[in-house]
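Sharing a structure here in C-alpha cells format.
Labels for the chains are A, B, C, D, E and F, by order of writing; each one numbers its residues from 1.
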Amino acid sequence: MNLGPHAAFIWASYGAFVVIIVLLIGWTLFDGRRQARALADADRRGLRRRSADTTHERDGK
Amino acid sequence: MSAFLALLKRDLTLAVREGAALGTALGFYLVVVAMLPLGLGPDLKLLSRIAPGILWIALLLAALLSLARLFEADHEDGSLEVMATAPLPLELAVAAKALAHWISTGIPLALMAPVIGLMLNLDIALTPALIATMLAGTPAISFLGSVGAALTLNARRGGLLLALLVLPLYIPTLIFGISAIGFAGVAQHGFGASFLILLAISVASMAAAPVAAAAALRLQMS
Amino acid sequence: MSAFLALLKRDLTLAVREGAALGTALGFYLVVVAMLPLGLGPDLKLLSRIAPGILWIALLLAALLSLARLFEADHEDGSLEVMATAPLPLELAVAAKALAHWISTGIPLALMAPVIGLMLNLDIALTPALIATMLAGTPAISFLGSVGAALTLNARRGGLLLALLVLPLYIPTLIFGISAIGFAGVAQHGFGASFLILLAISVASMAAAPVAAAAALRLQMS
Amino acid sequence: MLHLHADNLSVERGTRTVISGLSFAAKAGEPLLVVGPNGAGKTTLIRTIAGFIKPSAGTIALKGDVGDRDIGERCHYVGHLTGIKANLSAAENLAFWATFLDGGTHDAIRDRVEEALSLFGLGALADYPAGLLSAGQKRRLGLARLSVAGRPIWLLDEPTVSLDAASTELLARLIEEHLVGGGLVIAATHLPLGLEEPVYLRLGAQAAADPSAEEEQP
Amino acid sequence: MLHLHADNLSVERGTRTVISGLSFAAKAGEPLLVVGPNGAGKTTLIRTIAGFIKPSAGTIALKGDVGDRDIGERCHYVGHLTGIKANLSAAENLAFWATFLDGGTHDAIRDRVEEALSLFGLGALADYPAGLLSAGQKRRLGLARLSVAGRPIWLLDEPTVSLDAASTELLARLIEEHLVGGGLVIAATHLPLGLEEPVYLRLGAQAAADPSAEEEQP
Amino acid sequence: MNPMQTLTQRLANPTRFMELSRAVLPWVAAGAALFIGYAMYLVFFVAPPDYQQGETVKIMYIHVPSAWLAMMGYAIVALSSFGLLVFRHPLADVSAKAAAPIGAAFTLAALITGSLWGKPMWGTYWVWDARLTSVLILFFLYLGLIALRSSLEDESLAGKLTAVLALVGVAILPIIKFSVDWWNTLHQPSTGFTSTVDPSMRTPLLISAVGFTLLFIALHLKGMQNEILRRRVKALRLAEVARGDRLASAGAE
C-alpha cells in the first residue's frame, strides 16, 4: 500500500486513534470485571453475615 | 429600599470593611503580570504588542480566583438559607451578589489594568479603550463566575476546579475584548462592533447566569 | 520501610486514588495555555517565540494552586498532629509530602508541557530541553510552595493569597528555567550553566523549605 | 385561620428514607413541637417544610387565608446558623434582614430594629461589630429577625441552643404572642421551651416502638 | 519506672490564662484522669503535655528509664480527630501508621495490623475504604493505632466519644494492659472509663472552689 | 396502561435495564465490529485518494466520525442531565456519568486526528480558528464535568450539580456546528455529504460512522452497567457496615 508523501501522518493518526479506542474499551471491560467481582464478594459476605445474624439472634433468645 | 439594593449595599459594605480581599486580588494581578517580562525577556516591543492580551488574561484569573468565596461566607453562616425563604427570588439575590463583586473587584481591577500595563510598556494611547472594554467585559466575568462559584461551593479543590469550569466560559469575552482593543489602535468602527458584542455578552450573562447559579445553590441547600 | 518512605507511599497512593486532583491541575494548565493564543491573536511566529515563557508561568500557576491543599486534608483529619509526635522529624514529613506532590503533580505537568506547547507552535526540537529544565525546576516549586501552603493553612482566601505569597519566590526558578531553554536553541554550554543553577535552586529549596514549613505548621498546632 | 397539613410525607437523605409516611397537621395558635432522638429526622422535617428539601412522596399544603406565595416565602426559618456577619454592627445586621425580608422606609426599619434589639437585650450593643458578641448574644441577634419581619409561619430548629434562661423565657413569650396573633409555630427541640399547651410530634423508630419513651421526652 | 512531673505549670490561650500554677505527677501503672467542666482546660493540658503548646511558665519533665527523646516522641496523642484517610482501606490506614510511628518489616507490620483490627472488631472490614465506616468504627480504627505502635505514654482526649459500650469496655482493658506493662496513661474525660483505681486531676474554677462538685464528677 | 409509559417504567428500573442491556449489548458490539471492519477494508483497499488531498484523506474516515461522536456524546450527557433535573429519572444520572468519559475520548481523538491532518494540509498542527477552538472548548467542558463530579463527596449532589454544568455548557454544540459558517476558517464547512463528496468516499465514511456510533452505544451501555454495579456494591457495603454497628451495640446490651 502506498500512502504517498504523508504516510507518517496517516499512520500516526490511525495509531493514536487505535490507542485511544483500545484504552477506552479495555478500561470499560476491566472496570466491569472489577465491579462484578466486588459485587460477588459483597453478596457472599452479605449471605454469610445474614446467616451469622440469624444464628446470633437465635443464640441470644 | 428594595431587598435587591439592601443586599447589594450589604455586600459592598462588607467588601469595604474586609478590604484585604480586594488587596489580595490586585496584588495577584500585579504579580502575575510582573512575572511575564521575567519569563519573556525584556524585549519592549514584544511586550507592548502582547500587553492587552496578557492584561486581559491575568485579569480573568485574578477576578476568577477572588470569586471562589462569593457564596462561601453566606453558606457557612446560614444567610443563604434565609435568603432562599425571602420574597426576593434567589436568582435576583445571586444577581445582587455578582453585581457587588463586579463593583468591588471587577471595576478596581479594570481601572488598575492600564497602570499595571506600564510594566509591559503598554501604548498609553490605548488606555481609554482598555478601560472601556474591560468595564464592558468584567460584568460577564463576575456573573459567569458566579455559576462556577455556586457549583463548587461544596467541592474540594476550590480554586483550580473553579478555573477549569469557568475559564472556557470566558473565552468569548476574552476574544471580543481583545479584538476591540486591537481595532482601537486602527479603525474606530471595528472597535464599536466588538465593543457592542462585548456588552451583549455581559448583558446575556447577567440574564442567564443567575438562573443557573440559583439552581446550583438550591440543590446544595437540600 | 522507613517512616519517610511510608509517608511518601501513602501520599502517592492517595494521589492515584483521588486521581481527579492531577486531572484538574492538568486541565487548568491546558486551559490557561489555550487562552493565550485567543488573547494574543493567532500569530504563530509570535506564539512560538513566547511559548517557553508561557508554558513556565502557566505551570507555576497550576502547580501552585494544586499545592493549596497540600496540608489541608492532614490538618482537618488530625494526621498532622500524629505526625508531629512521631520519631520522624516534622521537617522530613513535610519533605516527604512535598516530594510526593512533585512526583504526582510536578512530573506529570512537566511531561505534558511539550504536548501543550504544540498549541503554541513550540519548536519541537526544544522538547528535550523543556522537559529537562522543568524536571529540574519543579522540585523548587513543590518545596517553596509547601511553605506557602503551611502559612495559609488557616487563612481564608486560600488560592489567591497563596499565589501572592509564593509567586515572588518562584522568580529565580522561572528566570533560569527560561534562560536554559533559550540557550538550548543556541549554545549547549550556556544551557549547562543555567541548568546547573536551576538544579542548585531546587536542591537549596529542598533543604531550606521544609524547615520553614514545619515551623509554620507547629505554630498552627499550638 | 391558617392550617398546615402534611399528608403521607416521605423524605430521603442520601439513600436512606429518614421520614416515611408521616401525616400531621399544625394549626394556628397551637405550637407544634417536633421531638425525637438524635438522627430521628427533626431537622430534615423542618427543612422539608421550609422547602429546602423536596419530599420523595406526599404533600405539604397550607390552608386558610393564603395568598399565592408558597410556604417557603411565608415562613421564618431559624436553623443552627445565625446569618450574622461579623463585620457589620448588630444594628446593621438586623436592618439588613429587615429590609431584605420585608422592606419599608428607612425610618420604619430603624424603629423596628431598635425595638427588636432592646427586646432581646442587645440595645447597648447595637453599634458593636457582631463578631465581638458572645455565642449566646449572636444567637439572640439571629432570633431578633423573627420580630423585625412579620411572617405567619415560624420554623425553628432547636432555637434555645446557647440561650440562657432569661432569653429562653423571652423566646417563649414571643412565640406565644405570635400564636395569639394567629401565627403558626413548628419547632424541633429537645427541651419543653416553656410553652403552655404544646402539641408534640414524635419522630424516630424508638419513640414510636416504645411508649415508655414518651415519659422521657419533654 | 516512668514518672511524669508537671511543676507550677501555666498555659495561656489567646489572652486568657487557662491553666495557672498547676502541679501534678503521673506514675506508670496509675491512670490519671483529667476532669472538669467544659472550657476548664482539659484539652489544653493534654496538648501541652504532648508538646503542641508551650507553657507560659513551669515545666513538664519525664523521669525514669528515659532515652534522650522528648515527651512528644514517647507518647501516643489521640485527640478528637482520627487521622483516618477515606480513600485508604482500614488495613492500609493502620499499616501506614504502624510503619510511620514504629517501623518494622513488612510481615511484622501486617501481623500487627491484622491483630489490632480483629481486636477492635474491624477484621471483616479490613479491605473496605475507611470512608465507608460509621463514626464509631472510624473512631475504633483511630484507637487501634495505640496497639500497632508501642509508646510508653498515652495521652487520650475524650477517647470514648462515639464509642458504644462494648468498645468502651475494650478500651478500658487495653488501657489496663498498658498500665500493667509499665505504661503511663493520662486521659481527659467526662466519664469514668471503667478503670479500676484512677487518680483524678480536677481542673476549672468551679471544681476547685466548690468541694461538693467532687461528688458530681465521676 | 399506555405502552409508552410501560417502556419508560421498564427502563427506569435499573434491574430491567440490566436485563435488557445485557441482551442487546452483544449484538451492538458485534454490529460495531462488523461495520468498523468493513469500513477499514474499504478505506485501505478500495477508496480512492482525493484529487486534492491525496492519501491523507484517509484520516477523514476516523476524524469525521470522532468529531460527530464528540458532539453526540455531549448531547447524550445534556439530555440525560435534563432527564435527571426535570424528571428525576433514576437512570439519567448513570447515563450522564457513563457518557462523559466516552465523549471526552472521542473529542480527544477528533483533536488529535485533526491536528495530524492539519500538518500536511495547512502546514501546521494547530490554528486558532473558530471550529478548532470550539472543539477544544468542548474538550474542556468534558474535563470540567468529570472534575466537578469527582470532587464532591455526596454522589447524588455531585450528579445534580454536574447536570447543571452540562446544561450551562450545551450552548457549545450549535457553536461548533455553525462556527464554520459564521466565521470563515481554514476548516472544511459542514456539507452534510449529500452532494459534494464523491460516493466512493461517502460510502466508507458513512459505514465507518455507523460502526463507531455502534461502538459508542456499546461502550455507553457497558459503562452504565458498570456504574449500576458500582452503586450496588456501595449500597451493600454501607448496609454491612451499618449492620456491624448494630450487632456491636446489640452485643453490648
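In this section, a residue touches a chain if its C-beta (ideal position, glycine included) is under 8 Å from a C-beta of that chain, and two chains touch if they have at least 3 such contacts.
What you see is a predicted model, and the numbers here were worked out from it, not measured in a lab.
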| item | value |
| --- | --- |
| Labels of chains that are neighbours to chain E and to chain F | C |
| Where chain B and chain E overlap in contact partners, by chain label | C, F |
| Relative to chain E, chain with the most remote C-alpha centre | F |
| Pair of chains joined by the greatest number of C-beta pairs in contact | B-C |
| Distance from the mean Cα position of chain C to that of chain A, given in whole angstrom | 33 |
| Chain D and chain F: spacing of chain centres that average the CA atoms, whole Å | 47 |
| Centre-of-Cα separation between chain D and chain B, whole angstrom | 38 |
| Cα-centroid distance, chain A relative to chain E, in whole angstrom | 43 |
| Residues of chain E engaged with two or more neighbouring chains | 124 |
| For chain B, residues that touch 2 or more chains besides their own | 156-157, 161, 164, 167-168, 171 |
| Residues of chain F touching at least two other chains | 133, 140, 143-144, 147, 151, 154, 237-238, 240 |
| Which chain pairs touch, all of them | A-F, B-C, B-D, B-F, C-E, C-F, D-F, E-F |
| Footprint of chain F on chain C - complex, ascending | 18-20, 23-24, 27, 30-31, 34, 37-38, 41-42, 44, 118-119, 121 |
| Touching residues (chain side chain B, partner chain D) in the complex | 1-3, 6-7, 9-10, 13-14, 17-18, 73, 76-79, 81-88, 218, 221-222 |
| List of chain E residues in touch with chain C within their complex | 47, 50-54, 69, 72-73, 75-77, 79-85, 87-88, 92, 96-97, 99-101, 103, 106, 145 |
| Chain F contact footprint on chain D (complex, rising order) | 14-15 |
| Parts of chain F lying in touch with chain B, wherever the complex brings them together | 85, 133, 137, 140-141, 143-144, 147-148, 151-154, 157, 160-161, 164-165, 167-169 |
